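In the two assemblies presented below, chain A is common to both, partnered first by chain B and then by chain C.
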Partner chain A sequence: MIAIEARKLGFMYAGSSSWVLKDIDLEIYEREFVLLAGRSGCGKSTLLRCFNGLIPYFYEGELEGEVKVYGLDTRNHPPYILSQYAGMVFQNPDNQLFALTVEADIAFALENLSLPRDEIRERVDWALKVMGIEDLRDKSPNELSGGQKQKVAIASILAMKPKIIILDEPTSSLDPASAKQLIDTIAELNYKLGITIIIAEHRLDMLLPYVNRLIVMNDGRIVFQGNPRDILEKYDVMPYGVPVPRVVRVAQQLKKTLSGSTISRIPLTVDELVQDIRRWRSGK
Partner chain B sequence: MIIFENVEYTYPNGFKALSSINLEIKDGELVALMGENGAGKTTLLKHLNGLLKPSSGRVIVNGVDTRHATVASLSRDVGIVFQNAEDMFFSPTVWEEISFALHNFGYQEEVIKKRVGWALKFMELEDYRDKSPFLLSGGEKKRLALAIVLAWSPKIVALDEPTVGQDVLQKEKMIQIIRQANQQGKTIIISSHDVEFIADLQPRIILMSKGKIIKDGYAEEVLTDLSLLKECRLIPPQMVSLTYELGFLGIKPHLGQPEDIALEIIRRLR
Partner chain C sequence: MATTMMYIEVTVITIIIVVEAVLSAVARVFGRWSRTVYGASPLIVFVFLANFLFRISLPGHALSLQSIYESLQQAYRLIAFLASFSIFFLTTTPEELGMALTKMRVPYMYVFAFISAIRFTPILAEELQSIIDSQKSRGLELEKGNILTRLKRFIPILVPLMVNVLRRSYELAEAIEVKCFGAKKNRTYLRELKMKSKDWIALSLSIILFSLAIYFKYIYKINLP
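And then the complex of A and B:
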């Protein structure tokens, strides 16, 4: 089932004279884990904003083509409808949290949907549990670390039970251990709960093991998309500002120097490369 | 020369951000402060130009005790580029933004022109001289913030998380700029938890955790110490993780460029 569909999508922000998105054609299916990569300013954030109605409802500008979220055209379905399908998590969790307690923050959107009390309580409990932050329930968002705040922000989206969660560089201000934890939790939402994930991130080394589709953007267009292993094998994506993990570069050099069959696949993790080297060594 | 002597710092809300910091940084050094969020890296940087003064102990910058000097006078020697570059901006154009501090320091108009011109060129911002700083992209804003500081040529340049929000090509550029400024004799102090960036830069590393310095050593030594990195919520550079696993080939854990490590693997395999 198609979750998001974009046809001939273009966008230009009001007051600007250049198109930030150009001629984007894209289909994202249910349960996919999609990673958007590319240089700063290539249009990743703008594309994400088209997926939950922030464009055209919140950001003014010229929209061309169409975007459908579960068949709903984003031009005539406002964000409060679309947000029940696609929730969005931003770079800075401080912009998303405002209530006095974590629990109240997560319950806020549900109260606005006028859900029954019991259902709200149930969903808040569930979201806290899934994100592994039950101990933070009564805390003030202000006293949390960056990683904890980001988990609360995701929990408040999760409580809306969206089918799709969109994340725009959610780990950029986190230290590496917190970033890894957050990414592992996001991956669980995908493979345990079947939530479609669309994420823009620079930490490819942490994400690639989970991702089924890599989309590389440049200057408002999609230049490559597909299985990350295939893309890294076939194309040189470094000039597009994609931070190719260093193990991939080791493998590429090995391939170049040794005969092609030695390294049979492009490894996405250190473990994969080490396995390949062991196998090659014992088979020699 | 920068000296921290038994420095403690407690924020007005009672949070103790630094405790028993003893540190010496010589002229022309390249130093990275690493550690988890909240380890005290930014608090330490703010002591360099007197934005914060120690609750106890003292900080001496080029012979001056920061408790007895103003931020304005210390700033001649110490320029700090904060994480959120935009917070520094207020002028209508990039040119004016860079020249502002120079006017305040009382430089002659001729000198100002020369220096602003040099900074724009060095940071590749010449095309933007008449543009509003607020209309620049994230990467350009970071470069402008650095241009502002470099223009008044402080002996010490501190950079707070220079790679946050930067793409991989901008990071490479940042490495070149930092190396160049360091080669020109400037002391560079960077706070960062970007291990791959620091692995490429290979500075002296001061590892912080919970307000304390827990290790002070060179990149190779610090970044290959897995238990120490874990304590600071850092993840080892990928090449360190890889070489750790390649003990069966007789390869020792170390830093290095991927291409070099590949050649090393081939040598061992043959």
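And then the complex of A and C:
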């Protein structure tokens, strides 16, 4: 089933004279794990904001084409409706937590939607459990580490039970270890709960094992999209500011230098590369 | 607290302080309470000295036991005043204060503003410190010069702080938007304060005591030492 559909989408911020998004055609299906890559300023964040109504509702500007989220046109549905389908997590965790305890923060959106108290309690418990942060319930956001804050931010969105979660560079302020942990948790939301994930990130090495679809953007357009292995095999994405994981570069070099079928596929993880080399040695 | 502002007499203030001590003991914060009051002692000494110096510098007032006594009274009163604040902040968390405001039917918009002010104060303080540090490392000197030049030197600190605050407020607005702020007219609450019987007893006791205080001060005037 189609979760998000964009047709001939273009956007120009008010007061600017250049299009940030140009002619974007895109379909995202339920349960997909989509990674948006491209250098800063290529339009990733703007595209994500088109998916939950922040554009055109919150940002002024000129919008062309149309975006539908589960069939709802983003032009005539405000963010508070669309957020119940497509929740959004932002870059800076500090700016997404408003309450004085973790529990109150997760309940915040549900209270705004005026859900009954029992249901709020149930959903808060559930979100804490899914994110594995039950021990943080009564803590204040100021006491948490960056990774913990970001988990709370995701839990607060998760509690609304959206079908899609959109994440705009959620690990950019985290150290590699917490980033890896956060990405693994996000992947669990995808394969355990079937939530569609759309994420803009620079940490390809951590994400690629989970991603179904890689979208490379440049200057407001989609340059490549498809299965990450295919894209990395066929195209050179480095010129578009996509940090290709080292293991992929090693494999590409091996492929060039060692002729024949040494490397039959582009490995996305070190384990895959090791497997390929083992297979090659035993086949020889 | 209001009683402290009306009365100056030593007996009344002593009663108030004793009541406050009992209250803090009941609330199991007596240790921390007495420490905060003790910690305020430099301020109390300062108030005493300021009062004393002001009194003897007035025309027609000489150094006398009377002026020492009056200044002591003022300082003593301050203890009762500070102690009541101390009990309040030691027993009430900011969340509870927010919930109390909601209970008092303050519109949620204002409660939210209050809560986020508390939430973001430490973050802004941290940000301010890092701006000060980075400007100092670029050679900004804050400790030199007279007041006017010092004030001028704060401009390179205030401008980035304001810019950051504006940028942050934009991001916050986005985030509350996706968290459906204001989606429904009648918001629900996960946690709510309920008036229990002991709350009613405490409330009525304080009202009775306060009315007694007003009564003895303005209507049936009594003279106390």
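Just so we're on the same page, the second predicted complex is superposed on the first by the 283 of 284 C-alpha atoms of A that agree within 3 Å, B and C clash if a C-alpha of one lies under 4 Å from a C-alpha of the other, contacts with A are read in each partner's own complex, and residues count from 1 in each chain.
We adopt the following convention: contacts are C-beta pairs under 8 Å (C-beta built on N, C-alpha and C of every residue); 3 or more make two chains touch, one makes a residue touch a chain.
Model, not experiment: these values are computed from the prediction.
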**Request:** May I ask you to decide whether A:109 touches chain B, chain C, both, or neither, giving the answer as first, second, both or neither?
**Result:** second
**Asked** Between chain B (first) and chain C (second), which does A:134 come into contact with in this model arrangement: first, second, both, or neither?
**Response** neither
**Which superposed partner A:242 touches (first chain B, second chain C, both, neither)** = first
**Request:** Considering only touches as defined above, state whether A:41 meets chain B (first), chain C (second), both or neither.
**Result:** first
**Request:** Using the touch definition from the top, say if A:99 reaches chain B (first), chain C (second), both or neither.
**Result:** second
**Asked** Which of the two partners, first being chain B and second being chain C, lies in contact with A:274: first, second, both, or neither?
**Response** first
**Message:** In the overlaid three-chain picture, which partner chain does A:254 touch, first (chain B) or second (chain C), both, or neither?
**Reply:** first
**Message:** Applying the document's definition of touch, where does A:80 land relative to chain B and chain C: first, second, both, or neither?
**Reply:** second
**Item:** Common interface residues of chain A - those touching chain B in one complex and chain C in the other
**Value:** none
**Request:** Using the touch definition up top, name the residues of chain C that touch chain A in the complex.
**Result:** 93-95, 98, 112, 115-116, 118-119, 122-123, 168, 171-184, 186-191
**Message:** Quick check: in the complex, which residue numbers of chain A touch chain C?
**Reply:** 52, 54, 57-58, 79-80, 83-84, 87-88, 90, 92, 94-101, 103-104, 107-117, 120-121, 124, 141-142, 156-157, 160
**Prompt:** Along chain B, where are the residues that touch chain A in the complex?
**Reply:** 35-38, 137-139, 164-170, 193, 195-196, 230, 233-235, 237-239, 241-242, 245-246, 248-249, 258-259, 261-263, 265-266, 269
**Asked** In the complex formed with chain B, which residues of chain A make contact?
**Response** 38-41, 91, 145-147, 169, 172-178, 180, 202, 205, 238, 241-243, 245-247, 249-254, 257-258, 270-271, 273-274, 277-278, 280-281, 284
